Structures are given as C-alpha cells and as structure tokens.
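Scrolling down, you'll hit the structures one after another.
Consider the two complexes below, in which chain A is the common component and chain B and chain C are the respective partners.
Up next, the complex of A and B:
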C-alpha cells in the first residue's frame, strides 16, 4: 500500500515537473518580444553564449572534419569512389554532425554556464532582489539569455560545419591527394541549399531552443545551495543531450524520409 | 491574549495609535515551507505608516519570512497580508510588480548584482523604473552612495568590496527609489561600530524625512531600540512575545523579554536545540 502511495506521489511529482517546465517555457517565449526591445542585453548575451563558445566549436569542427575525411577515404577506396569524399563529408556535417555535435558541445559549454549563472543568482538572492525591485527576472535576465542562445546555436552549428568541411579539404586534398575539383564539384552539384543546408539550420535552431530553455529552467529551479547548483548543471547536460539526440531522430525522419 | 505585564502599546507609549492607519496588516497568517516545518503560526500584526518598527527575535523565528511574505516572495498558507488596504496575492505577478514599486528591501546578504559595478547596482532600479536622464540618475546614485559613505567606491566592482561595504551598497540601492515601505533584513550585520551607527541613523532620518515606513529585522538590540518607534519581539513559530515602545520593552518585567533584550544566557529562551540528555548522547550511563 505504501509502495503504491509512493509511486503515485512520484508520478504526481513528475507530472508537476512537466507542468512547471511547460509553464516556464511559455513564460519565456512570452517575454521574448519585450527582451528584443532591449537589444544591448541580447547582444551581450550573444557574445557571452556565442562568441565565447567559438574556440571549442571551431576546434571540434576542425577535428571532426579531419577524422571524417580519413575515415570516409578508407571506406570509399575499395569502391573507387574517393571523388565522392567531399560530398559525403559535406552532407554528414550539414545534415547531422554539425547541428548535433555543436548542440552537444553547446549544452556542455554554454548550457552549464547559463545554469550555474542563474543558479548562483538565485542562491545569492539576486533574482529575489530583482523581483523586490519590481523587475521581472524572466524578462530582464532569462529572456535575453534565451534569445542569445537561440540566435547563437545555428551560427555555431554553421561554423562547425564550415570549419569541418575545410578540415576535410585539408586532409583529403592536401594530405591524401584527392582531386580538389572533384571535392568541391560534387558538393556544388549535389548539395541542396534548402533541403540539406536549410534543414540543418532548422535542426540547430530547434536544438538551440531546447538547450537554452533546459539550461535556464534548471538554473531557475535549482535548489539554492552549492550542491543544488552542481546537480542542476549536471542535469542540464544530461537532459539537453538526451533531448537533442531524441529530437534529431524525429527531425531527420520528418526532413529526409523521402530520397 | 498576551500576559498582562507585557507591553502591547503603540509607538511612544500610545496603545491607541498602533491600530490606526496601518500600512501593513498581517492577519492570522500561517506559513511553512512544507507541512512539517511551520515557520509562522497564526501570526497577526500591524505596522504603522511612517514609523520605524523593529522586529527582534532569535535566529529562525520567522523574522525574514515575515518580510518575504510582505514582499510577496512567498505566499501565506493561510491568512492575509494586506499592504495599504490591498491583500497581497503571491501568485498575481501584475499586482506584485505594481505593489513592489512602492517597496524597497535590503536583503540579509546584500543580494548585489555581481556583474555590475557599485554605481550600476544602485542605478539599477532607477534605470528600470524612472524615466530619468543619465545625468539625473548619476546625481541620485551619488547622493545615495554618499549617504552610506561610499561615493568614492562608485566605480568598484562588487568583487572588490568588503562584506560590510556590500551591505551599505545594498542599503543605498534599497533607498534609491525612495519607496513608501523599506524592509531592512539585518541591516547592521557585519558592520563595524561606526558604520552601524551611521546606518541606524540613516534609517531613522530617512523615515522621518520621507515619511516612509521602515521594518527593521535585526538581532542588534541597542541599535534597534535607539531608532525604533515600535518594537516587536518574536519567538519560534512566529509567536509574538511582546510588543511596544523601546522603553516599554527595555523596562519589561517579563522574563523572556528581559532575557532577550539583555542577552542573558539563562532564562525561558533555551540556547540549545532540543536534544536528548548529555549522559545519553555521550553514553555515560553505559560506561558507568
């Protein structure tokens, strides 16, 4: 009987959590127009979230491009299809790896930073102080960060893919000796701007919404203790990553279900 | 019903004065963060307009919680908190934002924005609410900082100021908008004697000059007694031990009041948290 009661209480807790998260997200979106009118706040967040993530994004993109070119080359050699290397690397990056890996890195770098910042603001009663000054922290603090994350994520994913393709070019053409004309020509011929690049950008936009909203929610709902902030940052990475991977499958199925 | 020997009168000894024109009414309020932890139990109080009211009491008796209920940061489980005739609903954000424009609060640990300078912290509420030129804001900010003796620290970052300075900056920020109600949560904690005296006088003078209402939550009995019109002594569960003018409390014969205002270790208020007997905890009986 006690076990059933506990299960029921736990279920109610989970449902309440979903409700709170949904309400929080709706409130966040409701505050976006107001935050857009205070552009300097948004710009500073694009800098903090986007610019300061560039190093990890570009370094990872370059490394992924290098490795992808090598692996694809070894896979294509037996079929004599090495001229397709550029095309395969490009499609892999702009459709999948760019948005997904950039989002996972974004959750680890910018997401944890957002959660810790908001969590510590809560622990230090800065959010309560703001409320007591009749300033809504959701409008003043959360919404500009939300926009900053949503704007930054597609740009970071695009840069990830771009630097990855350049990395693949260096390895494929510079080191392995694949023909540069083939590398770029097939890419130009077979990569569709709207279907491939456009869908990749849409994906990264959705991932940006997920990662930023999760990070802000975890920070806002954290227990105002050092342990609470530590747990919240961990939850940000875990929940964001799982949501990104799950949503990637759904979006891929919707976007590329027909050849 | 308070005991007969406990003062219950209003400011400067006028028992009739307390109930007239209260700015805040706490009406049978019960509050707990969960069912097993009741912080305030059926508390009823009134705070008069234009007066300094000190709320004294031991740690954990619900003084800060009371301020949070008045500010709408937390909502009462039952009962009503009334501000200037309007019942505060902690779920009504529009109402809270409207009423809070008339309130200022000094938080226990300052709650300064660590990404802003001292100047920007004090300017924050002005920039958010007052349609003033930057030149006007500058004058007001420097005036407020001057009042707490920190005009010269305007350009410092929050990480560069000491705990006592942070408290004084928070005080300047709390009074930046000259609100009708200013709630001071431990305004004297961490201040040296000079700063403490200046802060106490600032609270008194500000209340007199602007006609605002001040609620001071503190452990510092001498400072509070020196500047308050009315003093409320609280105990665990939000129980009101006594209230009255500072003189009435200082001269009270009630043992609980006497123990608190004199800081005596022995008396009705126990220093130790409820625990088993020493002999049991240290297993002295078993060893014997």
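Up next, the complex of A and C:
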C-alpha cells in the first residue's frame, strides 16, 4: 500500500515538474515581444551567448570536417566513388551533425553559463530584489537571454556546417587530391536548399529554443545553495543533450522519411 | 567593453552567420543552379519507371536540361506519369522520345531525352508518347533464366 502511494506521489511530482516547466516556457514566450523592445539587453546577450561560443563552434566544426573527409575517403575508395566525398560531408553536416553537434556544444558552453548566472542571481536573491522593485525578472533577465540563445543557435549551426565543409575541402582537395570540380559539383547537384539546408536551420532553431529554455529553467528553479547551482548546471547539460538527441530523431523522421 | 564595441562584435557575428548561410545555399547547394530559372513542364508516360525519383535530372546528350518534378500513376492506363521540368532556353522537337537511363552501373536513374525530327517544338503541357521504360534487373534475369530453361528443355526433347 505504501509502495503504491509512493508511486503515486512520484508520478504527481513528475507531472508537477512538467507543468511548471510548461508554464515557465509559456511565460518566457509571452515576454519575448516586451524584451524585443529593450534591444540593448538582447544585443549584449547575443554577444555573451553567440560571440563567445564562436571559437569552440568553429574549432569543432573544422575538426569534424577534417575527420569526416578522411574517414569517408577511406570508406569510399574501394567503390571508386571518392568524388561523392563532398556530397556526403555536406549532407551529414547540413542535415545532422551541424545542428546536433553545435547544439550539444552550445548546451555545454552557453547553457551552463546561463544556468550558473541565473542560479547565482537567485542564490544572491537578486531576482527577489527585482520583484520587490516591481521589475519582472522574467521580462528583464530571462527573456533577453532566451532571445539571445534562439538567435545565436541557427547562426552557430550554419557556421559549424560551413567551416566543416571548408575543412573537408582542404583535406579532400588539398591533401587527398579529389577533383575540386567534382567536390563542389556533386554537392550543388544533389543538395537541395529548402529540403537540406532549410530543414537543418529549422532543426537548429528548435534546438536553440530547447537548450536555452532548459538552461534558464534550471537556473530559475535551482536550490539557492552552492550545491544547488552545481547540480542545476549539470542537469542543464544532461537534459538539453538528451532533449536535443531525442528531438533530432523526431525531426529527422518528420523531415526526411519521405524521399 | 564599451557598448559600441559589443554592438559591433554582435553585428560581425550576425554577418558571419548569414555569410555561412549564403555559402551553404549558393556554393554548397543548388539555389543558384536550378529552381529559380524559368522552365516549362511536359509529361511522359512510362510502362515502368524503375527507381526514378523526383528531382532526378533530365539529360539530353548527357547535358542536364531539367528535372523530374513529379511522379504519379496514371489511373486509366496504369502507366507511370512523370512530369518533367525543362529549361526554357532549350526546345525539343515534338516527336522527341524519353528514356529512363542509369548513370553508370549502379548510379542514379535519370530521364534521357532524344530529339526527334519534327519542326514543331514541344510546348508546355505536351505529352511525350515515345518512351522507353527503365531496365529492371529482375526482369532481365528472369528472362535470361527462362530462356536458359527453354533451351535445356529443347535439348531434352531432342
């Protein structure tokens, strides 16, 4: 009997958590238009979230492009299909790796800093102080960060794919000696702007919403102690990564299941 | 950092991101090469379209002149109805024929257009009637096996 009651309590807890997260997200979205009127706040958040993530995104994109080109070349040589190297690298970057890896890095680089920042603000009772001054912290603190994350993520993902393709070009054409005309030509022939590039951008936009909202929620709901902030930061990375990977499968199934 | 400096850096970041998007759509995809160009639409009926896919190229003498727009089944004749989008700059005689061909042994299938001799050109909405279906490997093999079996049974009766 006690076990059943405990199960019920757990279920209710989980549902309550979902409900709180959903309300938080709805509040966040409702505050977006107001935050857009305070553009300087948004701009400084785009700087903190987007500009400062550039180095890790560009470095990882370049590395992924290099490695993809080398490994795919190895796999394609037996079939004499090395000209498709560019196409394979392009499709895998634009459709999957660009949005997903960029989102995972984004959760690690920008999400954690958002959670820690909001969490420490809460621990230092800055958010409560704002409420005392009749300033809604959701409009003043959370919404600009949300917009900053949602704006930065697609741009970062596009840069990740771009630098990856350029990296693959350097390896394939420069080092291996694949014909440059074939490298670009097959890509242009087979990669569709709306279907491949467009869907990749839609994906990265969704991931931007997920990562930023999760990071802000974890920061906002953190226990106001040092351990609480540490725990919330960890949860940000774990939850955003799992959500991104799960959502990626759903989006891929929706976007690319029909030929 | 000063406010102006941050604004400039954010502007640079956004420009860089947009440049990446432009690169992806122009250099690494097909926005520039096809899709925006004017084209006209003709249809062709095939007994069997094999593995032809929408967006497969339409080629004449090996030069890409268009794309497959749509593939459907003609309900009355049970033939594959293939809608082709052909570049406006290229005109073909009305009695041109269409074939479904394969690039290389294992490559993708495409539509090959062979120009006819008539003077009137193909216009938008025309139907290409002279077509040659895709080669289906299974049919070839079964034909071959069937002939082989027929040969053997002939030898048996001799």
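Simple rule for what comes next: the second predicted complex is superposed on the first by the 259 of 259 C-alpha atoms of A that agree within 3 Å, B and C clash if a C-alpha of one lies under 4 Å from a C-alpha of the other, contacts with A are read in each partner's own complex, and residues count from 1 in each chain.
What we mean here is this: a residue touches a chain if its C-beta (ideal position, glycine included) is under 8 Å from a C-beta of that chain, and two chains touch if they have at least 3 such contacts.
This structure is a prediction, so every number in the text was calculated from the model and none was measured.
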Looking at A:193, would you say it contacts chain B, chain C, both, or neither? Reply first, second, both or neither.
second
Contacts of A:182 with chain B and chain C, given as first, second, both or neither: neither
### Task
Report for A:128: first if it touches chain B alone, second if chain C alone, otherwise both or neither.
first
Under the stated touch criterion, which partner chain does A:252 make contact with: chain B (first), chain C (second), both, or neither? neither
Of the two partners chain B and chain C, more of chain A gets touched by chain C
Check your understanding: With the two structures laid over each other on chain A, which partner does A:162 touch: chain B (first), chain C (second), both, or neither?
Key -> second
*Based on the superposed arrangement, let me know which partner A:136 touches: chain B (first), chain C (second), both, or neither?*
first
So, in the complex, the side of chain B touching chain A is made of residues 71, 73, 93, 96-98, 100-101, 103-105, 107-109, 111-114, 124-125, 128-129, 177
Listed in rising order, the residues of chain A that touch chain C in the complex are 40, 43-44, 46-47, 50-51, 54, 90, 94, 151-152, 154-156, 158-159, 161-163, 165, 184, 187-193, 196-197, 201, 259
Chain A partner, complex, touching residues on chain C are 3, 6-7, 9-10, 12-14, 16-21, 23-25, 27-33, 35, 53-55, 57, 64
Chain B partner, complex, touching residues on chain A are 124-126, 128-129, 131-136, 140
